[in-house]
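Both complexes below contain subunit A, partnered by subunit B and then by subunit C.
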Partner chain A sequence: MKLSKGALLLLIPGIGLFLIFVVLPIANIVEESFRLFVPGHIGASKDAPYTIFNYAELLKPAYLFYFIETLRLSLICSFLGLIVGFPAAYLVARQRSPFLRKLVVGFLIGMMFLSTMVRVYALQITFGPTGFDKVICGFLHISTNSRFYTEILVVLGLLHYVIPISAITLLGTTQNLNPRLTEAAQVLGAPRWKVHVSITVPLCVPGILSAFLICYTFCMSAFVVPMVLGKGRVLFVSNLIYSRFSEIANYPSGSAVAILMLLLSLTIIYGITTITSRLYKV
Partner chain B sequence: MKRYVDDIGFGFVIMVIGLSLVFLVMPIVVAVMMSFDGRAYLGMFPPPNYSIQWYQKFFSDAYYLHGLKISLILALIAGIVSTASGVSAAIVLDRYEFRGKKALETFFLSPLVVPAVVIGFALLLFFALFGVFSGLPRLLGGHIIITFPYTVRTTLAGLVGIRKSLTEAALSLGANERQAFWDITFPLARTGMVAGLIFAFAFSMDDVAVSMFLTSPQVYTLPVAMVSMMRTNFDLTIAAGAVVLMVFTVAAIFILDRIFGLDRLIGQGIFKS
Partner chain C sequence: MKHKITRRDFLKVAGGGCLAAASTGLGATFLRQAWAAERLSVVDWGPPFIDHIKGVAKAWGKAQCTFTLHAGGAASILPKIKAAWPNPPYDVVDVWSPVFVSMINEGWAETVTLDDCPNLKYIPEKFISKDKNGNWKCIPRGTNGLFFISTEKCPIELTNIEDLLNPKLKGQILWPNPTLNTNCQVINLAMARGGDQFNMEPGWQFLKELAKSGNIGRVSANTSDTITSLSTGETSVTFAEAATGSATRKAGRKVYYLTKTHESMKTFMFVSGWVVLTSSENKKLAFDFANFAINKENSELYHKATGELPLNREAQHRVEELRFSPAEIEKHVIIPDWDHITKNLDSWNKYYEKDIIRLL
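So, the complex of A and B:
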């Protein structure tokens, strides 16, 4: 149907809310990020001179480290999440019993819905001093206080969300896979592992890429997990923005970090979707 | 030889999935058990005896209760506002053809890709521009924006497969556009709408990253209260609070399944016989 006046009216609340609460605030921090920092205000003062200092400062190794750490740990998490999520999704898609299927899907959705707080707290108790940290660290021959163990905790915290989300996303892909293709390959004598390597996985690459994208953007913008499980040592870019606000109240610098982070995540999303559509014309 | 490799591979995959299952479930079991810990201090897992003292503490602690109250009010208002505006936007996106439709859809779903912290930080500065420093309006703005995309998405998902010709039939039989909307399109969108409301409620209850920036000393949400307690006073009252939050999750899933059907949320796939 053609867009009518009545229909246009229905769009107004949504567009209005987005203008007020998304577009204008982000435009505001773009402007803010080019202002010189004057202490003692929320927001730069109106007559503060323009500068690119806030961005130049971020090139220092201390700040770059936040970005590298965020990208690196997110990459590890998304990768591990896919390794577990893909076979799990495949097995659910091939599951014949409707009861089992519903059970697993319900479980996965439940895990996805689970409150971040519950997750973080549960992991903190389980893998912290009250739980199994000594067992795990003893097994790996590392100290419970080492940076490596803190990184493991952060990765586990993110994985707790990423595994269900990647399994659910990939379920859509694997259940649209024609089972005849794998059956045909097996009838023709291919062993099962080879069927999966040369048929199942290649056919699912677009789905895998989009699941990776979802996991990666989620990990990159993680905030609570590194804040609590990272114990102030493993920090993500989100935490850097928060500390600009809560600790030193440097809003122009916080805005610059926020804009950079926004650009980074949009670039990654744009990059991966372009690759997917170039390769598969979807 | 072939079967041998297959068995090893299959065994390995099953092992990885089994381990992940343990990893996903165990922390929750530990947290639930610890929340019933009978000791008066935070000790090692497993607890030697059980009691409900931490729940009594949680439900008699004014700090948490106030947070819970604010969270519920906020989730309800934000959920209703974002569902009302999100559903009407989604109906237009689904039923009408116009230029820039795809772009508008991407725009409405954009809070899903903008990092939550960026939204929180931007809103903090934006409200400060107008001298708004009280918690409730700031939190409401933030929560409406982060829940909006979910209501759009579930409504769109609920409308998929419902033929547009139904509305057109009503129009050609003499209904005006308003009647066609209220009698045909609106009832058809209802399931997606309710699912959207539940999603919005659940995500609003859960949010920390946006809320951290927008709370004021008087107006804070339960998750924010829990985070600040985790940093200052790590005890098992938080475990009791976590279990309370988990009850909301389970309830949300249950209602979602009753109304919408979990399978419809995911889709059955085209090769399901």
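So, the complex of A and C:
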């Protein structure tokens, strides 16, 4: 498709902003990640030599732990978010009362506007030593001090964001479903569960994929939730990046972690999209 | 119909554009200078420090002060200054010993003399950080120690550092991460097992045992974490400084400073104070403000507010836990090599990330 002069002119401001605020900073980070850091200084000096040391040290097995932890908890949160968000979106879409529909959608959108710090500290108070941690841990037969309980708190903190996001993302998809398809299947004798499994879910795959990817990328880049609720024991890759940039001033190492995480995220997203499109012809 | 651009049109637009750019640039410069002349930008820690310094600024009254809080440790201001250099939006920054070293190394700290800050004559010279040419580079205000603290919620009485491994302390220890307190807590562990700040391996082994024991309930990343965790009773033992202990006391907890309990539990003394940035356009005003902040009266108020010991010789203090006799100094007090610590903090942080966190 050949773009006209007018169309090109209209694209220039957008391209310019993209170059200045996205491409240039990333290029800066990539360049910084190959610089040598001299401890005791702030970042790399302008004439610091280039090195691959910052990447080489991240390939050590010990750092794999952080990437696995981040990806694992993000995957769990994204799946749980879909499991809760999809039925919620379906119920809202099939709701007869417009008032109730608007109320629930308004509630979901309102949840997204709630301050991160308020949510996170509310969870910490509710599930911490002054809250219900002993009750919950007693029920689950685990210690309040256990890593498992800390992971539960981090997952809860992330779900606070992920559920509204996935429900709102899936709202459009479920609204576009023709209800007659499910009615037809039921008329032909299929039980409800089979109707949803064989008709509703496959038809919603593009929306489910979008919601999953949005939730997954959000969880992977989460910073405040693991920092506060993780008790300093459950750390995401974003926390490593923060400590390097903010506390140690080792910009080259922080840049290397950031670039590695970016490449890993893009690879995972590409992989999931490719597999899903092959399975469901999306 | 094609619109022809004439030379007159072009000159009008170009001239107008240049005038706008120049006036914006000039205007911005004049505005900045005018703004700078009326205001002083101060960076300090959160409560109780910020509450104290706001009171000092009000009493000083020679200019309007705007305040920025340190987000986390004092070192976290350094990337912000670097990102904005040579025009960071700060005039004077309250930092402590290891950060003095970093700022002097970067060339950000303005030289200060007795003419700039006459009250420096009441501060012992050994507490004033200098560059390699012997120029004074900071205006120290208080001294403090990093040491073990316990609250009344602690299930046992801590008599020496090995008690940290007592199973009765399960989940009760709030361990600072290496970037908080510049890892002096692990230096203490190292010294208890025959090492020191130059040989940290015994300390890391001790920390591994502590991590595996399950006694570490939380790892703190900043002072707020520490105060919240201690005051809610989530944990009852930590390694911190007097200001944190003081804030925890104000939150209603009984706090014990374990500074003279046993020779295995050391007190790492440091100095905190002001650095006037070389980029500041209000250096005279900044020095005057810092000079006012370190006078006898304000030094005593600072001590009452934060628990830090005033460096002004004429100011009084009542923190008996941090008043050491010469014999006690020998047994309990360490003045670390801050330059060495600053240079090794990166490798220590990486060791902690690779070998310790997984054990927690």
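Criterion: the second predicted complex is superposed on the first by the 245 of 282 C-alpha atoms of A that agree within 3 Å, B and C clash if a C-alpha of one lies under 4 Å from a C-alpha of the other, contacts with A are read in each partner's own complex, and residues count from 1 in each chain.
Note that in this section contacts are C-beta pairs under 8 Å (C-beta built on N, C-alpha and C of every residue); 3 or more make two chains touch, one makes a residue touch a chain.
Predicted model only: the values in this text are computed from it and were never measured.
The superposed arrangement places subunit B and subunit C in clashing positions on subunit A. Counting the residues of subunit A touched by each of subunit B and subunit C gives the higher count for B. Of the two partner chains, subunit B is the only one that A:Phe18 touches; subunit C does not reach it. In the superposition on chain A, A:Thr130 makes contact with both subunit B and subunit C. Look at A:Leu59: by the touch rule set out above, it reaches neither subunit B nor subunit C.
In the overlay built on the shared chain, the residue A:Phe37 is in contact with subunit C alone; subunit B does not reach it. Of the two partner chains placed by superposition, subunit B and subunit C are both touched by A:Phe245. Residue contacts after overlaying the shared chain place A:Met227 against subunit B and subunit C alike.
Of the two partner chains, subunit C is the only one touched by A:Asn145; subunit B is not. By the touch criterion defined above, A:His160 lies against subunit B but remains apart from subunit C after alignment on the C-alpha atoms of chain A.
Aligning on the C-alpha atoms of chain A brings subunit C into conflict with subunit B at a single listed stretch, 80-88, out of 80-88, 116-124, 170-178 or 350-358. Applying the stated touch rule to the two superposed structures, the overlap between the subunit B and subunit C interfaces on subunit A comprises residues 42-43, 130, 227, 245, 251. Within the complex formed with subunit C, the subunit A residues making contact are 37, 39-43, 57, 60, 62-63, 65-66, 128-130, 143-145, 147, 227, 231-233, 235, 240, 243, 245-251, 253.
Those residues of subunit C that touch subunit A in the shared complex are 71-73, 75-76, 78-79, 81-82, 101-102, 105-106, 170-171, 175, 177, 179, 214, 216-221, 225, 232-234, 339, 342-347, 349-350, 353-355, 357-358, 360. Taken in their complex, subunit B has these residues touching subunit A: 2-3, 5-6, 9-10, 13, 16-17, 20, 23-24, 26-28, 30-31, 34, 42-45, 81-82, 84-86, 88-89, 91-92, 95-98, 104, 107-108, 110-111, 113-119, 121-126, 128-129, 141-142, 144-145, 148, 152, 164, 167-168, 177-178, 181, 202, 205-206, 208-209, 212-213, 223, 226-227, 230-231, 234, 238-239, 241-243, 245-246, 248-250, 252-253, 256-257, 262-263, 265-272. Interface residues of subunit A facing subunit B in the complex, by the touch rule stated above, are 1-4, 6-8, 10-11, 13-15, 17-18, 20-22, 24-26, 28-29, 32, 42-43, 83-84, 87-88, 91, 93, 101-102, 105-106, 109-111, 113-127, 130-132, 156, 159-160, 163-164, 168, 171-172, 175-179, 191-193, 217, 220-221, 223-224, 227-228, 238, 241-242, 245, 251, 254-255, 258, 261-262, 265-266, 269.
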